[in-house]
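Please read through the structure below; I'll follow up with questions.
Letters are used for the chains, namely A, B, C, D, E, F, G and H, taken in the order the chains are written, and counting of residues starts over at 1 for each.
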Amino acid sequence: GYAKIDHHRSLRTGLPEVIYAAGKTPAQTAEIFSRMAATGVAVLATRATSETFEAVHTLTPEATYHPIARAITHGSALTTQGKIAVLSAGTSDLPVAEEAAVTAELFGVRVTRITDVGVAGVHRLLAHRDTLSNADAIIVCAGMEGALPSVVGGLVGVPVIAVPTSVGYGASFAGAAALLGMLNSCSPNVTVVNIDNGFGAAYTATLIAHAAHR
Amino acid sequence: GYAKIDHHRSLRTGLPEVIYAAGKTPAQTAEIFSRMAATGVAVLATRATSETFEAVHTLTPEATYHPIARAITHGSALTTQGKIAVLSAGTSDLPVAEEAAVTAELFGVRVTRITDVGVAGVHRLLAHRDTLSNADAIIVCAGMEGALPSVVGGLVGVPVIAVPTSVGYGASFAGAAALLGMLNSCSPNVTVVNIDNGFGAAYTATLIAHAAHR
Amino acid sequence: GYAKIDHHRSLRTGLPEVIYAAGKTPAQTAEIFSRMAATGVAVLATRATSETFEAVHTLTPEATYHPIARAITHGSALTTQGKIAVLSAGTSDLPVAEEAAVTAELFGVRVTRITDVGVAGVHRLLAHRDTLSNADAIIVCAGMEGALPSVVGGLVGVPVIAVPTSVGYGASFAGAAALLGMLNSCSPNVTVVNIDNGFGAAYTATLIAHAAHR
Amino acid sequence: GYAKIDHHRSLRTGLPEVIYAAGKTPAQTAEIFSRMAATGVAVLATRATSETFEAVHTLTPEATYHPIARAITHGSALTTQGKIAVLSAGTSDLPVAEEAAVTAELFGVRVTRITDVGVAGVHRLLAHRDTLSNADAIIVCAGMEGALPSVVGGLVGVPVIAVPTSVGYGASFAGAAALLGMLNSCSPNVTVVNIDNGFGAAYTATLIAHAAHR
Amino acid sequence: GYAKIDHHRSLRTGLPEVIYAAGKTPAQTAEIFSRMAATGVAVLATRATSETFEAVHTLTPEATYHPIARAITHGSALTTQGKIAVLSAGTSDLPVAEEAAVTAELFGVRVTRITDVGVAGVHRLLAHRDTLSNADAIIVCAGMEGALPSVVGGLVGVPVIAVPTSVGYGASFAGAAALLGMLNSCSPNVTVVNIDNGFGAAYTATLIAHAAHR
Amino acid sequence: GYAKIDHHRSLRTGLPEVIYAAGKTPAQTAEIFSRMAATGVAVLATRATSETFEAVHTLTPEATYHPIARAITHGSALTTQGKIAVLSAGTSDLPVAEEAAVTAELFGVRVTRITDVGVAGVHRLLAHRDTLSNADAIIVCAGMEGALPSVVGGLVGVPVIAVPTSVGYGASFAGAAALLGMLNSCSPNVTVVNIDNGFGAAYTATLIAHAAHR
Amino acid sequence: GYAKIDHHRSLRTGLPEVIYAAGKTPAQTAEIFSRMAATGVAVLATRATSETFEAVHTLTPEATYHPIARAITHGSALTTQGKIAVLSAGTSDLPVAEEAAVTAELFGVRVTRITDVGVAGVHRLLAHRDTLSNADAIIVCAGMEGALPSVVGGLVGVPVIAVPTSVGYGASFAGAAALLGMLNSCSPNVTVVNIDNGFGAAYTATLIAHAAHR
Amino acid sequence: GYAKIDHHRSLRTGLPEVIYAAGKTPAQTAEIFSRMAATGVAVLATRATSETFEAVHTLTPEATYHPIARAITHGSALTTQGKIAVLSAGTSDLPVAEEAAVTAELFGVRVTRITDVGVAGVHRLLAHRDTLSNADAIIVCAGMEGALPSVVGGLVGVPVIAVPTSVGYGASFAGAAALLGMLNSCSPNVTVVNIDNGFGAAYTATLIAHAAHR
């Protein structure tokens, strides 16, 4: 077939390969999904439409759809170790934040969601200080000016993974403004992933949280 | 001569014309400066090197040099009305903040300077809440991710004029990252001027402060 | 729920929070709208389609739709103080200009609309000189080369808030050309907001006009 | 040698080839200049430093240096036909405007220079209406927001050739903002050349003026 | 109404105002079109869909639709003076070239169309040398690398107006590559208009051709 | 003074504040450095010229200069926990890699340096597989196409922090090409920091390594 | 007609002209296709929808549609000489890779396809080393970070033609990130074509392979 | 040491490794150069200043400096096979063209240099048609609009390797305009390398020419 599942990866990296459904037909995703489910590992498909879920569901009836995250999951991690916080600045950032949260949970990490804590009302964020201090890593999803990771980064002593989102209009340039803001963060504990890449942020946060509790 | 002083402007706009020294020789700046000083108005030259000041000083001995702001002033406004705050995120933003402060003072506004209150340590900013609440307008100078105006904007009910600075490196793209961040501010009371344009920010802040006390 | 209404904001800033409908389903907007209307404040939703209005109208029958502005309003400000002018360069800039005008009126400011006064026929603008001189602040909406705010700024002694619009094609790059032109304005009383952000311009203009008549 | 003078060009195009000195050593420019001067045509070298002029002067003692234009000329056109106006928005645009003016004069066109008529004081421009109406073509040099060509274009019925200049800072991006503004001009009689390309503007203006008086 | 027809323009500039239909509803365009047709001048609407034409046709039955050019015309110029050539590099550039040709014809200029003469087969262009030499001005429409104007410019002694088109994909960036190529043309008789702006090119070419035969 | 040392930071974040010398005079850096050294914490100044080191050395004789890293250090961490690998693709990436290595060592992490393992000779990298597998986190510094982090990321199960460097020319656009490549990495364990920001990469790598050995 | 078939081309260049269907109506493509098929040469249309194929099929029943490649072919090369490899990094790059493979096969080159060998699992690529060493030229199609050509280039001594694809999201900027990565390749045997231009890559690869076996 | 010479490369790729001197001190380059010269292979250092040559010359007295190409060579290829043409559009493109020519000659290819054949005088190019037809590959170096490769590509049936140069000003954006033009070439036999990368172009041209004569 067109897709060679990288079975070595989970040996090399400790986490299973994941299906990126955006570039595939529903049939292609469903077929790969069921092949992977058959091996017994936890399976994740990201950027999946409800149409894709229907195709997956036919071949793999126990699969679950997470509509806000646009993700399909099957099975679960063997153990759960560590905890992270997933923050979103505004309502429109929720799909990206949910992609991150669903990914981390499937990989075996406890997740606290904190929503609508944009920097224009900084008291809303400060109310969550305790939760932030107790996380092993923090994922911050924000569009527009992307300022939230810097403020969060200054409050804690753990890695902050910033996810710029494509939320905004005009000079947001589909997330580029938020991306640039995050790359220039004056908080040195901030690293950055691609625009809307909640999955990647969760992948790294999971590695950090697991290592902290090994 | 090459420069036509726009005497109409101060009639139309209430504030005198200002000399932008960057594109002029010291001799050109000095000659225009002394012609304007002779008319009795307060005179300001921005982006002036110490070499330019020497030329100005020879023709106009009472002129004053402000080295951090890189500005030359002469005379003063007839009255002082209203007060503004000028904030800077980091040490390197000071030249831009000082250009703003010197301009506003010459035009007849009281200025409170608040320095080194970047968003990576937000408690430093919150300590100045009272001063911020009492200003007629607030100028915020920040480079790198340019997040400070959004946080300030969420704390007050007055116009915040954001000045992106060219401070930073790499993906700051000489101030473009800060500029984009400020344009996408989620605080609706933020408007923006050109990168490093402390002068323009002070001009508008002065108009606002004067009108509020007329 | 997903949205935490920032009731502190109106205490801090004097103006109520506003609903940005673009990133929300009609049902979400309608629900937040009715919750806010119930508190008795004037309510505004921007970027609302007629479909969204129908959902809002069902829960809040007294709400009004402004189709050119794509805004929904309910109630009104307690008092009206000050006056602003809202200019648009061409017919296609009207939606942005109307978003600004409707916002300012709801917030309690008198608004004069001046349309189709682009710089290619500068005599059309000069005919409105008196109106311009009497405003507390001026909002100028223009796409393409975005030159109008500079010309207006040179005629008056009040703040000019420039709103670049996404009107144009080719090298207008969806408003980026107008935005850059406005940021580089040689009129020092010009500040700039995001492309198509009539709402933000009106917010700041309202603060200026109210302060001038307090 | 490294440079093949294109003698065909003046046959094909009616105007002699011109030396672009920026990419050449003083010795190279001087040698090409003297070879061309020997053929009897009018010779022009643009972007020439005073150091380059010294080398040229040694081989071609009758050559003239135009320091503001940074141009070297020798000889003159056989006849002078038509007239153009060369406008500059600010003092810093003069080098580009002078490159245009010196080029057109050498090619045989009468030139009226109009300086310091930026759009922030539009009455200064309107005072020159008669001169503008009588030109065969108009060259407009402006940096920053580059708004002047649109206003000029709306006043006249002749071609306006817009030259963006690299004057400005920050979001002027070395002339790119002015360039974009001019390309999006709402005056349909505006065409545009490269940033700082006074030479090219004069070349086309000369062709237009000559044709109008043939 | 929303649109103020600039009757002064045709007095100032010798050519009538033109309707840009892209930003207007069919009804708006039809109403302005019929108002202008009633004054007896030649009328042109550009960027008009067939749907817009139907609305225009209802109010102004004698109007003509030019489907490739996406233009609607009515009436004609009083006299025809001068001639231009309109070149297109490839088949996909035809809409832009036709917009230019239809505009110039309506304004009273004779037009020769030369199609499919891209630079990858330069002999096709050289075969048209005589036609090119006899034109008063040449319009060159090209997408992708936009190289054609430079080659044409080197063959003739008249102004070449380059129109970058949005034809291409990938790194053509919707015409930006062609635009940059044309602005950097090594042929000094090339000036440039906005991407896809056949209308503007024709406007200036008309002014040049008319002046050459006055 | 102009700089408010953020003593809270080390309480909040576990790591001391660091001096960014690029925007400061040698005297400013030296003064802040000695104030911080007096408090007994380990002190680091990044982007320090040898001239700055001389000023620091005068006030703080025990300070050490790291010329390739352009860093000044004083003291050391109380304990050393965990180990990281710092990779560089080519010789020119060494200054950035050394900034990272010196920072991590001062903060108390063991560092293995692996140099000159660019992807054009992938066998050089594969030879280091064991070292890579044993690190708690890996920092990868690369300019030009920035491909190394993706290859490394595919070999290991720990976080990879990618540092684009400004090494390259032409279309490297001073590190932007490498930055974009890293943001689009197909290895999900890659996060990214600003161009040339070895310091920030080391900060996050330190947090990860410390947490893994707590 | 609008399209002049360049019959000289195949004389000059040894390969027939090709139809780019993207900018043409199905009817236009079908008509040109049948005219070319009538001359007896192998015919290729790229970027053809199934709708276009239907139109072609009606006029030229023996034409074949390649749905993944979106290409239509007719006939075949007289002889087949040389062999190339066409690599794709991921499943979504297949349409571009197939456009390249179909083109080269029609032109008379043997093609080995190697799919799903992205750099995040470099062992998958190394398994194909023998095939790579035996090719006359290698085409590498990759989106996202575009790192694969550099790794391939370091393994072989033949030209590698890199095709960036528009696969990716966010900061991939529709293929621009991959394009920049490939242009900055540290493997000196890599040259680059436009984003998604599988056709152009195959054209050059064919010339190389044919010459190597002449 | 810091640099690991990749001796495998010449086994894998048939051509020796090359020293890129731009990122190295003269001493570093000299040391690597002499180490490589000692192994008996032909040695090349690119981007070498005369200061670097002095250091190289001290350790390797038989090394030769090519000042226009800014290259240092030592030894020669064992055999010379095939021939290429190296074209440059203008005088300022010579350093890049010479880097290409010197590289190919050292690698064992015959080189014909053709200079000053820019597209503004296309007859100059057509005069060289025979030479072009006889080359195994053609390298074309051009700045500004970068149109030359398209015209050359249309004249021949061999691979054309386009090298954009950083020659130009303003909207040439240091070679980006030429690069984009070349990537969008309508001649399908054109592939592209990085701005100013004469070395890379010669590397690939050498591989093609050698294979054609094996």
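Here is the rule we go by: a contact is a pair of C-beta atoms (placed from the backbone, for glycine too) under 8 Å apart; a residue touches a chain by one contact, two chains touch by 3 or more.
No experiment lies behind these values; they were computed from the predicted model shown.
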Query - Joint neighbours of chain G and chain D, given as chain labels - result: E, H
Report summary line: Per mean C-alpha coordinates, the chain lying farthest from chain F is E
Report summary line: The pair out of G-H and F-H sharing more C-beta contacts is G-H
Report summary line: With centres defined as the mean of Cα atoms, the chain at greatest distance from chain C is chain H
Requested in this report: Find the geometric centre of each of chain A and chain F from their Cα atoms only, then give the gap between the two centres in Å, rounded to an integer.
Outcome: 26
Query raised in the report: When the centre of a chain is set as the mean of its C-alpha atoms, what distance in Å lies between chain C and chain G?
Result: 50
Query raised in the report: What whole-number Å value describes the gap between the mean CA coordinates of chain E and chain H?
Result: 42
Report summary line: Among chain C residues, those touching two or more other chains are 9, 90, 120-121, 154-155, 170-172, 176, 179, 183-184, 194
Query raised in the report: According to the definition of touch, which chains form touching pairs?
Result: A-B, A-C, A-F, A-G, B-C, B-D, B-F, C-D, C-E, D-E, D-H, E-G, E-H, F-G, F-H, G-H
Requested in this report: Over in the complex, which chain A residues touch chain B? Could you list them?
Outcome: 89-90, 118-122, 126, 143-147, 150-151, 153-155, 168, 170-173, 176-178, 180-187
Report task. Report the residues of chain A in contact with chain C in the complex, numbered from low to high. Result -> 90-92, 94, 115-116, 120-121, 123-124, 167, 169-172
Query - Complex contacts: residues of chain C adjacent to chain A - result: 2-4, 6, 8-9, 22-24, 28, 164, 166, 174-176, 179, 194-197
Report summary line: chain F contacts chain A in the complex at 9, 12-15, 18, 136, 154-159, 161, 179, 183-184, 188-194, 199-201, 203-204, 207-208, 211-212, 214
